[in-house]
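In what comes next, chain A is part of two complexes: it sits with chain B in the first one and with chain C in the second one.
Showing the complex of A and B:
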C-alpha cells in the first residue's frame, strides 16, 4: 500500500545522479547554482545532495546527504492547506494540485523541514517540491531518483518492508547509529534515513516533534464548534437580558423624561 | 451637519498628502498584480510571509478589535454609557477589515483562486476558519453599517436594517472571537520553529485577549486624533472608565503569560539578554505592565497625557507582539534575511492612507460621532462640545 524510500547514508557516494534524474523526469530547468553540492532546494530543484565534513573514528570524513520532501505520514503542509491543494495519497506521496492553490504559502510555514518552495519570479506562482514521482509510483515504478542510484543508497518499497529492513540493518551492524530518521519524526515519514554518523552532525532537524503536527491544530480547531455554539448562546442570552433590563429602566424613568 | 443628500469633504494639505499616498499605493498594487510577488516584494523561500501578512493582516485585524469589543460592551452587555463610542469603533473596525481583505488579496499568489477555500472545505486548516470568519464578519459589518448609511441614503431600507441589527450584533461579536483567536492558532503549527517565548498552546487565547484589550486603547487614540482633526474636546471621563476594561483584561493576560512561561519552562529565556528576550521584555513592559500602572493610578488615568500614553503604549505593544511572532520569533529558524521592499511599504502606507480618508469622509457625512445626533443623547453632546471642521 503505502510506499517509502530508505536512504542508507553510508552508501551514498555523492555522484548526483539522483538530482539529475529528478530534473530530467520532472522537466525542471537547470541553473549553475542548483548543480552544486550543498545548494538548497528551490522551485526548480526538488532534491539536492548536501556534503557534510565530519569526524569518523577521529579521522576527517565526508558524508553525502540526499535531501528532498520526506512525505510525512500526516503532513503539516496538507493539514495547513485551506483549499486542499496539497494532499497525502494512500500510495505515500504528498502531492500538489495547482488548480486548487490560492498561493497563501501557509504550507511553507507549516512544514517542519522547510521543504516547499515558491516560484517567486512568476506572475501566478506555484508551490514546488518533490512529488515522489507520484505517477511512477502509481504505476508500480520507483521514483526517478531511486531508479538511477548506482551506489545502492536508495531502496524503494513498501513502507513496512523498508522500515523492517532499516531496523535489521542498524541492529545487525554496529557501525550504524541506533536511530532511523523518519520513523518517528513529525509523526513518521515515507522517506527513512539510516547513518553511521549521528544525524544532528549531518544537518538533520533532530529536535523536531514526534507528535504529528496536524494534531496540534486539531486539538484547538476541534473546540471551535463547542466554543462557537456556547459563546453564541451566551451572547444571545446576555443581549436579550440586558435589552429587557434597559427597557424596564427606561420605562421607570419615563414620566420625568421626554 | 446632518443635512440630507449633501456630501461634504473639505480638502486640507494633510488630506491631499493622504490622497497622494493612496494613489501611490494603488500604483504599487497594480504593479504587484502585473509583475508578481517576486519583483514587487522582498519575500523569499526563507520568508514566505512578510509585511503584508504580518502587519496588514495579523496586526490590522487585531487593531480593528475595537469594533467587536465595543459592540460586546455596549450592545450585548448593555453598558449604554459607552454608546457614543460604538459607532466610530464600528466604522474603524469595518475600514480595518476592508484594508485587511485588500492586503490579503495582494499577498496571495494565485488571487483568481481566492474563492477556492469556500468550496474546497479544507477544515483541517486554521486558515480555513480565519478565511470564513473574516469574510463573513466583513459582510456583517457592512450590513451593520447599512443601518447607519440608510439614515442618509436609501431611507426606505432603514427599518429592514434596524430589524436585522440584533442578529448582526450577536454574530458580529461571535465571529471575531473565533478568528481573533484563530490568528494565534495559525502559529501553533510552528511548534519548534517559533521561539519558545511566543510559541504556546495558549497562542489563540493570547491573541484573543490582546485583540480585546487593544480595543479601548485604539478607541482612545482615535478619539484624540479625531478630536484634533475636527477641533473638539474628547470626553475624558468616558475614556478613563473605558480603558479600565482594558486594564482588567491586561492583568489577566499578564498573569496568564507568566504562568504559561513557567509551565513551559521558558521563563529563563526572558532575561537571556538576546534579541528575542529583549524584544519580549519590551513588549511586555511597555505594552502591558506600564499601561496597567497608568490604568490603575487615578491621577494618571484622569489626565489627557496619561490617556494618550496608555493608548499609544498598548497599541504599540500589540503591534510589537504580532511583529515578534511573525518576524523576531521565526528569524532564528528560518534564517535568511527579509526587509520589506519599496513597493511593500508603498502598498501598506497607501492602504492606511485610503482608510484614513474613508474614515474622515464617512464621519463628516454620516451620524458617527455623538455630536451628529442631536436630541438623542443630549448630555453627551454637551460634554463633547463638538465643532466639526466641515460645519
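Showing the complex of A and C:
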C-alpha cells in the first residue's frame, strides 16, 4: 500500500527536469538562486539537484544528487507536531495541513534531514516542503518529478517492490555500494537511494540514527502516566497522613481531653 | 388564533438573530478546526498545477517521457532559463536524434556534462528557454574603452541571416549593411572571416596534398576541422580517428591569430590592446575561442594572457546590439570591409553551407596540384551541395587521378561516415563535416526564423550563398590578393614554420569523458 521512490544516483544526468516539474505542479515561484546547481531547499524550492564532484577509481567523477523530503516511515516532524498539521498518509507521503499549523516550527527542529522550511518573509507563514505530490499519488499517478525524469534515475512504486529492486541492483554487478540509503536511516524512509559512490562522500547525512526518531520521545513520554499516577498517589498519601496527624494533634489539644 | 400567537412567540426577531449568531459561531468554529474539509489530506496536499500532457500517466505507465538535456551552468555557449522551460522535450529530441549526443554515452558519467556546444537546442526550444550565453556586455565594454583597438570579423553565414532579425525575408544578402552596422556600433576595424576561410583552404588543401603524396605521415581520409561542434564531437566519440582531422584551425581562429600578429605588426598596435571579436552563426565558436591552446599570438609575442579571439557573438547577439542602438539594418547603406583582412572569394562565401568547404578546397587543390585553373564543373560541384545527409563526389585531377570526397552535415550523418572510416570501408580522400544540419547557415547562433528550423529557410540561406559565389569576381581561394600578400609579407608559404605555429592546432582526446553505453 505504501509507495516509494527509488533514486539511482548512477543514472542521473543532472538535467533538472524534476526540479522544474516540481515548480510547475506545485505552482512555486522561481528565485534567481534556485536555478543554480548547488542551491539548497527553501520555502519555494522543494527539490534540488546538487552536483557532487568526487573521485571514482582515482578518476574525477560527477554525481548529481536529487534532494527533497525523504518521507520517513515514522516521521519525526509529524511526531513533534502537536497540532497534527503534519501527518504520514497510508500511501506514503508526509503531508502538511496549513489549517492546523500553529507555526511553532518544532517540525523544522525535529527533522534529521533539515527539510521543512519556513516562509520567514510572509505575514502568515507556512511550513513548506515536498509533499510527494500526495494528490497524484492518491490518484494512482507518480509524483511530478518522477514522471518527467528522462534518464530513468527515478523509479516509483510499492515501497516493498522498489526496496527489492534496490537490493537486487546493489547485489548485482553494477558496481553499487552495498548500502540502500533510506532503508534503515531514521527508521526507514519512503525515498530510497542507491549509488556507486559511498553516500558520506556525496553529502548525505549517514550518521543519522537507524531508530525511528519518535521512539526516543515515546520511550520518555511513555512514562508520563506512571509518573503522574505515582506522584499523585504519593502526594495523596502525604495529604492523608498530615491530615490524620493534625486531627490527632487537635484532639489532644482539646481541654476536655486533659 | 392560538396558533398564531404561538408562532410569533417561537420566532421573534431576537430569537432568530440569536439562532443565526449561534449557527455562524458553530460554522466558523468547525471551519477553523478543519472539520468541514470533506476531502482527506492526501487528496488535497501538494500542488495541482500544470504538467505537459506527455508526463501525465497512471502510476508507472510509460508516459512519453522526454525531459530535457542537461546543461552545465558553466557552459560557455548556452544557458537555460528554468522559468521559461516547459519540459516539452524538444532539446532532448534534437540532441538525441539529430546530433546523437544525449543518450549516446553510458552512465554513470565522468566529470563532464557531454555537450558539443552546437546550440541546435537553442533553435528547437519553442520558448527560448535555452539561448546563447550573452556576451554583448563584454563587447560594449571593449568599445567604450579608449585604450582598446576593437576589431571584428563576420562569418560567411551571418550575412544571409542577420536580415531576418530585421524583418527581411530569409536568405536576404545583407553583407554591406552588416559592415555599416558594425562601424556604427563603434568597431575600429571590420574584417571578413572569408579572408581566413580562403587562408584555411590554402593550408588545408596543402595538407591534403601532403597526406596524399605521403609527405606527412597522417591517415586518409582527411577530415575538415572548421566546425568546432564537429571537432568536439570527434574528440568525444571518435578520439581514435583524430589523426584524420586536419590540423588547420577554423577560419575564426586563424583570423584571431593573424589579427594579433600580422595585423598588429602592420598597424603597429600592441597585441594586448587589440580586442578581437567575431560574429558567428555558431554557439560552439564561443567554446572554441576559449580553448586554452587558442593563444598562439601570445606564444608569438612571448606574452601571457592573450587569447586569439576574445569575444564571440552569435548572429542573434549582434542583432540585439544593433537594435539596442536603434539602428534599422535594412535602411543602412552598403559599406565595405576594411583592407588587409577584408577580401574574400566565392569559395570562402560558400563555407557557410554544407558542401561549401569541400567545393572551395577542390577548386584550390586542383590549382595547387596542376598549377592550372580548375575546369568549369568544379565551380558548380552540385553533387556536394544542398541538404542530403551524406553526399559523395569524385573529381578527376590530372597527375593524381580520381579524388574521392564525401560531405556530411548533422552529427547523426557524421556517425555513418565515421563508422565507415573506423571499419576501414572509407574510399574517400577528403571528408567535410559540419555539425549543424545544412551547415553554418543553420548554426545554433542564427536567427530563430522558424522553430524548429525548416528546410525552406535553410535552402533560402544556402541559395543566397551560392548566388553570391556565382557572381563573385574571384571564386577560388588561391586568387585572393590579400592571401597572396599575407604569404608574401608574413607567412611565406602554406604550412611554413610560421603557418604551422599560428594557423594549425592539435586536438584533445576526450574519450575518457565518455563511458561506454551499456544495455
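Definition applied: the second predicted complex is superposed on the first by the 238 of 258 C-alpha atoms of A that agree within 3 Å, B and C clash if a C-alpha of one lies under 4 Å from a C-alpha of the other, contacts with A are read in each partner's own complex, and residues count from 1 in each chain.
In the analysis below, a contact is a pair of C-beta atoms (placed from the backbone, for glycine too) under 8 Å apart; a residue touches a chain by one contact, two chains touch by 3 or more.
Source: prediction; values computed, not measured.
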item	value
Contacts of A:248 with chain B and chain C, given as first, second, both or neither	neither
Touching partner for A:164 - first (chain B), second (chain C), both, neither	neither
Partner chain in contact with A:15 - chain B first, chain C second, else both or neither	second
Touched partner set for A:235, first chain B, second chain C, both or neither	first
Which superposed partner A:100 touches (first chain B, second chain C, both, neither)	both
Contacts of A:53 with chain B and chain C, given as first, second, both or neither	second
Chain A positions touched by chain B in one structure and by chain C in the second	100
Of all residues in chain B, those that touch chain A in their complex	34-39, 43-46, 48-49, 72, 75-78, 80, 107-114, 116-117, 120-129, 131, 166, 169-171, 173-174, 177-178, 185-186, 188-193, 201, 204, 334
Chain A-touching residues of chain C, taken from the complex the two chains share	32, 34, 37, 40-51, 55-60, 63, 65-71, 73, 81-83, 85, 87, 89, 92, 102, 107-113, 512
Complex interface listing, chain A residues touching chain B	40-43, 76, 78-85, 98, 100-106, 108-110, 112, 114, 117-125, 207-209, 213-214, 216-221, 224, 227-228, 231-232, 235-236, 238-239, 242-243, 245-246
Residues on chain A engaged by chain C in the complex (per definition of touch)	9-17, 19-21, 23-28, 30, 34-37, 53, 56, 59-63, 87, 89-91, 93, 95-97, 99-100, 131-138, 140-142, 144, 147-151, 155-157, 196
